[in-house]
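One structure is given below, encoded as structure tokens.
Labels run A, B, C, D, E and F following the written order; every chain starts at residue 1.
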Amino acid sequence: MGGARTRPEPQTGARENVIELPVLAEGSVEEISGRTRQRARFRGDFEYPGDDFEGPNVNRWQYLPQTPPVEDLLVEEVREIEGNEREMVMNMGPQHPSTHGVLRCVLGLRGEAITRCRPDIGYLHRCHEKLNELWSYQGTIALSDRLDYLAAMTNELAFVLAVEKLLEIEPTERADYIRVICSELQRIASHLLFFGTTALDLGAVTPFLHSFREREAVYDVFEYISGARLLYNYMRFGGVRTDFPPGTDKKIREVLDLLENRLPEYHDLLSYNPIFAVRTQGVGVLSRDDAIAWGAAGPVLRGSGVAYDLRKADPYSGYEKFDFKVCVEESGDVWARFMVRMKEIEESIKIIRQALDGLPEGDARGQVPRFIKPPPGEVYARVEGPRGELGCYVVSDGSDKPYRCHWRTPSFHHVSLLEFVPVGHLVADVVAIIGSMDPVFGEVDK
Amino acid sequence: MEAAVTRNRSFRDFLIYLYRAARAIVLGHAVTLKHLFRRPVTIRYPEEEYHATPWHRTYPALVIDEATRELKCTACMSCERACPPGIIAIERAQGEDKKTYPGEFWIDMLRCMECGICVEVCPFDALEMVPEYKMTAYHPDDGIFDKERLAVVVRGPKTPWPRRKGSYLEGGWPT
Amino acid sequence: MPAWLVTLGWAVLKASLILGFVLFNALFLVWWERKFAARIQSRVGPQRTGRPFGYLQSMADVFKLLSKEDVVPARVDRWMYVLAPIVIFVPAVLVYVVVPFGPNLIVQDLNIGILYVAAVTSFTMIAIVMAGWAANNKYSVVSAMRAAAQLVAYEVPLVLAVIGPVMLAGTLSLQGIVRAQEGLWYIVVQPLGFLVFLTAGMAELNRAPFDLSEAESELVAGYNIEYSGMRWSFFFLAEFSNLVAVSAIATTLFLGGWQAPWFLPAAVKGLIPPVVWFLAKTYFLVTVIMWIRWTLPRVRIDQLLDFGWKFLLPVSLANIALTGLLFPVLVRLGWI
Amino acid sequence: MIPLSWVLVSAALLFGLGLYGALARTNAVRILIAIELMLNAVNLNLVGFSRYLSPHDVTGQVFALFVITVAAAEAAVGLAIILMIVRQRDVSDVDRINLLKW
Amino acid sequence: MTEHAWLIVVLPLVSWLLISAFGRRLKNEGDWLGVVTIGVTLVLSLVVLWEVAGGAATRVSVPWLVMGDWQLDMGYLIDPLAAVMLVVVTAISFLVHVYSMGYMHGDARYRRYFATLSFFTFSMLGLVVADNLILLFFFFELVGLASYLLIGHWYENLGPRLASLKAFIVTRIGDLAFLVGLAVLVLATGTTGIPELRELVEHHQVPATVLTLAAILVFGGAVGKSAQFPLHVWLPDAMEGPTPVSALIHAATMVAAGVYLVARSFFLFEPSATALSVVAVIGGITALLGATIGVLQTDMKRVMAYSTVSQLGYMMMALGVGSLVAGMFHLWTHAFFKALLFLAAGSVMHAMHTMEMHSMGGLYRKMPVTAWATIIGGLALAGVWPLAGFYSKEEILNAAFYSGVSGAGFAFWAGVISALLTAFYMTRAVILVFFGRPRDRHRYEHAHESPPVMTVPLAILMVLAVTAGWVNAPISHHWFGKLLGEAEVHLAPIVTVLAVGATLLGVAAGYAIYALRLVDRRAVINALRPVYTLVRNKYYFDELYNATVLRGSLRLAEWAAWFDQRVIDWLVNAVGYVAVKLSEAAGKFDLSVVDGLVNGAAAVTVGAGRRLRTIQTGFVQTYILTFFAALVVGLVVFQLWRL
Amino acid sequence: MTGLQIAFLALSAVMLFAAWKVVTSDIIVHAALWMVLSFVAVAGIFLTLHAEFLFAVQLLVYAGAITALVIFAIMLSDIRELRGEGEPAGAGLGRRVRRLVSRRLGLAPAAVAVGFAAVMYSVYRATPWPGLPPGDPAPSTLAIGRELFGTYVVPFELASIVLLVAMVGAIVLTLREGGREKEEKRP
């Protein structure tokens, strides 16, 4: 098997329809996301009504290549490996402590070295996108929380932004600031969890509990703001559900100070630990080209040296007003992805402080009717979630429910990277690599 | 500070690496040692309790008007219609004064996702999200809350903001 | 009473004492580790069973484990599956035969004491391989192979690190080594050896950061993945027994065993009985090992082997050479 | 008080078993194991003789040590060779490794 | 200090280790480390010499290897001989170290060079102080190894590579003899310690034949290492190495190791007239050989090399005629002036990038220091009063003159003729290189004086080349000789006259031929064409070795074949003839019975073979099975037999 | 019969039984583990013969090192063997006997082995052996050390060279050509 730098050859007939797009050196925003979309369409794992979407009654499946069911692919492959005397099949997951949910990785092992890795998903499928078509816009906000349940705020934000585009309304300025604060707090919470689980994957239990302790503090703030700790249902079209309660500012600042005190401890405890360094440096290298070609986003993309951040590249909710850096690491390994996230925590703290300082007075809620019926049309909105570009594609037929709601979730794309990144590594590295992709299976199995 | 991987480096670099590694390990142990003498953050639940914010959304409860000692609910069915998972069931009843009231009011708390939409849509403030999180039950049937289980008296200002002001209803449809 | 009966009686008594010590240790250390880890992690740890500190938690666990169903999965290699817990437990207990708890508190002072320890502990590997193989589970096989590689890799530096004190004391007998440390603990002259011993010892114990064979985040639980109930608890017991054993041996070799610190005046030395010194030092080392476990992440198998073969082994060899070079100096200084 | 002949007889039996194993089995690893058994038998003899024929001398034990050393070396090299053969020819069955044939 | 003399050996070792391990990170790749260390050892050696001169001597010996009841010791022995040698080695080594900093500047393997230099110094010093022959042999070999490494320093080029190999292999031949000699000694005496051996020899506890044998064998080692005839061939080739190395190894130290070895074990030679004669004759031959070849070499370094061979012959000769002091004294003086010459040659090479004397000329104007160094060195070598060479050479000739050893006469005349030739070729070299008109204009233009780091050692050596001889001159009351235990010096005037005469004659002839061009060289060459060809081709030694070593075995085989055919075949044929006759006598019987038997046996064998071939299954197990089956059967038979 | 004798007999019975299982068991991992048991029993016999040092060395080298090597070789060599498919499975005596004779060499190995043991036995029986000298010998560790570094220093050094050579040889043999960096370890 080749290294991770070369893309594996198409293993089955299904892949023959993959269009090999030329890798552009400095892809513009549109190019990258366009390519991502296009690739996603042909991968055959969801329907994507693109240019040839003609109306509600089109049978969209006819446009998709005939893909054998995933399970059959795996069975075939497992047989192939088992036929080989020198290789061993190991099922990592779906019930494995380190796959961050219900991911099943079919590993071909030679000794402990990975010869192939096939991620198998779908164990958490809840017909999320179908439910979106059945629930009202109102309820869809609440439902979108369940997508990436570790970053509910940004999910809501993506959906709300999409519907706002449909409705052609603008949120109030204060609402924008509040949204930014919540997004960044959410990013911090998510990255803290990432820190903990990475540590846990690498066998260090203590950092996990420490980071959860701080994450709880962030969740306290969320609870104070929205009344819920994990799934907030906080965003509203044209604003947010409720304004900040009094004292929120102080509470948030306390948490930020706490974090700033604790982050050096994290680094002492884990980040600069030599064992951690050797476990992560040079492991799971994802090249810049591969990262772009496979539609990686967020810290995974930035860890491979691509300074692409939607908050800068395609600002929304007034991110252009804030001064912050796009954290980039060049090496593309687990360590790079880890460090990108750790730096992003610091950047997020910066953003939140700026937003708190400049929080304008005014109404946090827009003048929008409770029950809405957006005009027919389609719209795509995207935000930079903690895991990367989170896109929401909404098609309205003018009713009070979305005709179609599709989510472009970063974790899904990152899980597909597992097909080639771990090859050549050891079993222990697979764990680290999965951890560094930080997938959330709520958004992988939509 | 930088913890570098040693690979193809000179002996001196190796020594430097060794020093850095030892230093990092010692620092890590210092952190854990420090924590040994810090206070635990655990809340020992039955003895101590977590005090959620008053507006914590745990479950929607039926508000009893303290003055009349009756439910505020008029069984207008707004919440039943708005509930995304559709877990609210109301049997409307009519009293002697022709006022409607909920004859039965069920919420399947096993499926409730605590989004609070029912509270938002209630025109009479008859529903309220309460921060009561001790909801354990011995039997799944106990998870379906009926009127009696749901009825609470809400005292004091529950939320720090006026509830009805700035409602969505007040706005108009953008043209 | 016939002589053989006396011998047998003594043997049984000693064996039961050791066994009691091992079991008590396991119970105590399980609790202690939980409490210790909890405090490190800003938690409280066990607190209910035996309020307010949960000191009966281990007992409760024992009862739980005893009452659990003894599952023997289908298609296991039955004999090996059944034997492995015993095979791992027996050497863990046998080690204590030569551990000198006090000047006279030793089961048998073998003149090849330290070699005996090395020989007996090498059985752990076989037991783990047995368990891993027998369970008919890929994770456990991989774990067993890891354990075997790891134990082979760390046995060598461990034994080589032992050579330093042996050279200084001029005897293989543990009691002899302790007695030789009356004037000075060997940790003062053998700091490198001590570190190597502790590190290799931790690797032998399969404790973090070297707990590759039971890496819960990779191999779920490794070789004991299919075990349950009391069989599983044998592995657990053996682990804690070995933990104490390694600490005790380290104490014996480097920390002066049951000797009081050499710099204390004689009057103070007499105050505290030797066995207390010994246990205090041992438990201190145990705690240190726990502390390390709860601080460091886990290394990877190839890094582990690299570390063992390419770092610890040369260091331990250097330690021997250094000891040989320093020996005359130390003699002249009157330190040994 | 063990008679020397006991030692020798059990050593001979062990040697016989090892011999049988080395001759009758075809798996290379297993043959190596059998050879280790034979070496153990030799060691038993050496130690027995050392104990009985020259009790004040440890020459026999020293030789047994050397035998153990050589056995370790033999095991290492032998197993390495077997691994190599397996890797090259994908067999560990000596019946299929017959390049010595005329 | 004397009792801490081991420091002198250990310091270069430390330097070697440090430069090897950390040189990359040291300033200037650690060259200063080597220089400083050797400087310190030089000081220490001088102190030791001072103390030894004051009567101190020491021997320390510790058990090294205990095998059963035989033990091998390791230790060092400081006596006047060793002390003198220490000073020689450290002094030259120090100067060479300093010089190398300039000469080797910018070399790709600068660090390795200095490390090896330190290593060489360490080995050489170890050799000097070794107190027993095995240890001495050990260091002898290490010296050879270091020399191999240094000669082959520029191993990218074919020349150095082959030269290093040649040096290594040729000296190995001598070392083999040495090793055998050692074995003989150990077997005969049971000890290897030099003082113990001396004790034994002096008390006549070693049989004379053994002694002679051992002495000659040990001398074999010296022959190899000191490039004596017939193993001198490696030394000129070794000039492929860096020039400072040549100065160090092939002038002052390593080649002197052979001489030192003989001096060290002189007590073995003293009682044996045969051994002494061998040494004297070999030395004489070498001296003559080197001198004659040196006359016709055109490569400056090779002239020096053959001169070295010749001078080493001198030293050997001196030892052979029974004068330890003369040999060592010449070693002492020669070390300085020959090192000077080599370093000067190196300086020339540094400037000219060639060694071919015919492309030089007139360099005096460009590099006066070097020229003066060469002149002084040359004069010292030629033995002009009052330079160092004069004293030592005179001493040697004197010793030979007075010696009663058979072969001393030959040695004396060989020495005189060599002196003449030496003076001649040195004059030739100096004139060709530094005077006259430049023959290679281009090179001449680019020639320049060497940097101070190279000229300063030259200057120091110049001083030493002038003064080194004075230590054993009347001016110092023959301090050196007394130090080494020589009773009284008799100087025969005739010897002095002859020596001075030969020298002057040589210088004059050289001057006449090369400077004044009084004689047509071509005419002389034509007159002496056969001799010229022979000498010009170095007496065909390399060819000889090629012929003997390479083809010798072939010839031997051919001869054996011839012998086989002519002698053995004849015998066989004769026997056959008789047999035929006999057979004829019993013809019928034979035909019917014997033939039948023979054919039958053959048929049985063939058939059995055909069948038994199938036993060769290729399965090792089958073979083992057969083996053990046979063993069992054999044992059973044996048991039954015994019953 | 003294305790020592009982111990000896028990140990040699265990040893022989284990050795028997080594050569007859179908699954090679079992064979390896039986081998361990056999080695341990041999170590025990060493103890009864007052060779404490050898006891420890036997355990260390055989039960520790060589077993690990063997297990590695097994795990890395042939998967069919691991599954017990390498040789015909044998349950029941009849099958076992059939396997014995159906092999390439037939009954010959057994015959040779039995013959060898029998011959040795007869030799041992026929030879008059000296009795055991009275008294327990002094601990032999020190004596072994002295012998090793005294009389047998050259063999000792040779043995260490043999080990070194074996080590290097094993490493060289098992090294993969072209380095495993490419193939397995690093991308």
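The criterion applied here is as follows: a contact is a pair of C-beta atoms (placed from the backbone, for glycine too) under 8 Å apart; a residue touches a chain by one contact, two chains touch by 3 or more.
Here the structure is a predicted model, which is why all the values come from computation and not from measurement.
**Student:** Taking contact as defined at the start, I'd like the list of chains shared as neighbours by chain D and chain F.
**Tutor:** Correct list: E.
**Student:** Averaging each chain's C-alpha atoms to get its centre, pick out the one most distant from chain B.
**Tutor:** Of all the other chains, the one whose centre lies farthest from chain B is E.
**Student:** Which two chains does the highest number of contacting C-beta pairs join?
**Tutor:** D-F
**Student:** Measuring centre to centre with CA averages, how many angstrom lie between chain E and chain F?
**Tutor:** 54
**Student:** List the centre-to-centre spacing of chain C and chain E in whole Å, with centres computed as mean CA coordinates.
**Tutor:** 62
**Student:** When the C-alpha atoms of chain D and chain E are each averaged to a single point, how far apart are the two points in Å?
**Tutor:** 51
**Student:** Mind checking the centre-to-centre distance between chain A and chain B? Centres are C-alpha means, answer in whole Å.
**Tutor:** Chain centroid spacing, chain A to chain B, equals 24 Å.
**Student:** Which parts of chain A, given as residue numbers and ranges, touch two or more other chains?
**Tutor:** Correct list: 85, 206, 210, 213, 269-270, 273, 276, 278, 282.
**Student:** Identify all positions of chain E at which a residue touches two or more other chains, and write them in rising order.
**Tutor:** Residue numbers touching two or more other chains: 619, 621, 625, 628.
**Student:** Could you list the positions in chain F whose residues touch two or more of the other chains?
**Tutor:** 53, 57-58, 65, 72, 76, 78, 104-105, 108-109, 112-113, 116, 120, 185
**Student:** What part of chain F is in contact with chain E in the complex they form?
**Tutor:** For this pair, the touching residues of chain F are 104-105, 108-109, 112-113, 115-116, 119-120, 122-123, 126, 149-151, 153-154.
**Student:** Which residues of chain B touch chain E in the complex?
**Tutor:** 10-12
**Student:** Spell out the part of chain E that touches chain F in their complex, as residue ranges.
**Tutor:** 65-68, 619, 621-622, 625, 628-629, 631-632, 635-636, 639
**Student:** Over in the complex, which chain C residues touch chain A? Could you list them?
**Tutor:** For chain C paired with chain A, touching residues are 37, 40-43, 138-139, 142, 145-146, 208-209, 211-212, 215-220, 294-303.
**Student:** Hey, which residues of chain B end up touching chain A in the complex?
**Tutor:** So the residues of chain B in touch with chain A come to 1-5, 7, 17, 20-21, 24-25, 27-28, 30-32, 35, 41, 52-53, 55-57, 82, 84, 113-117, 120-121, 129, 159-161, 166-174.
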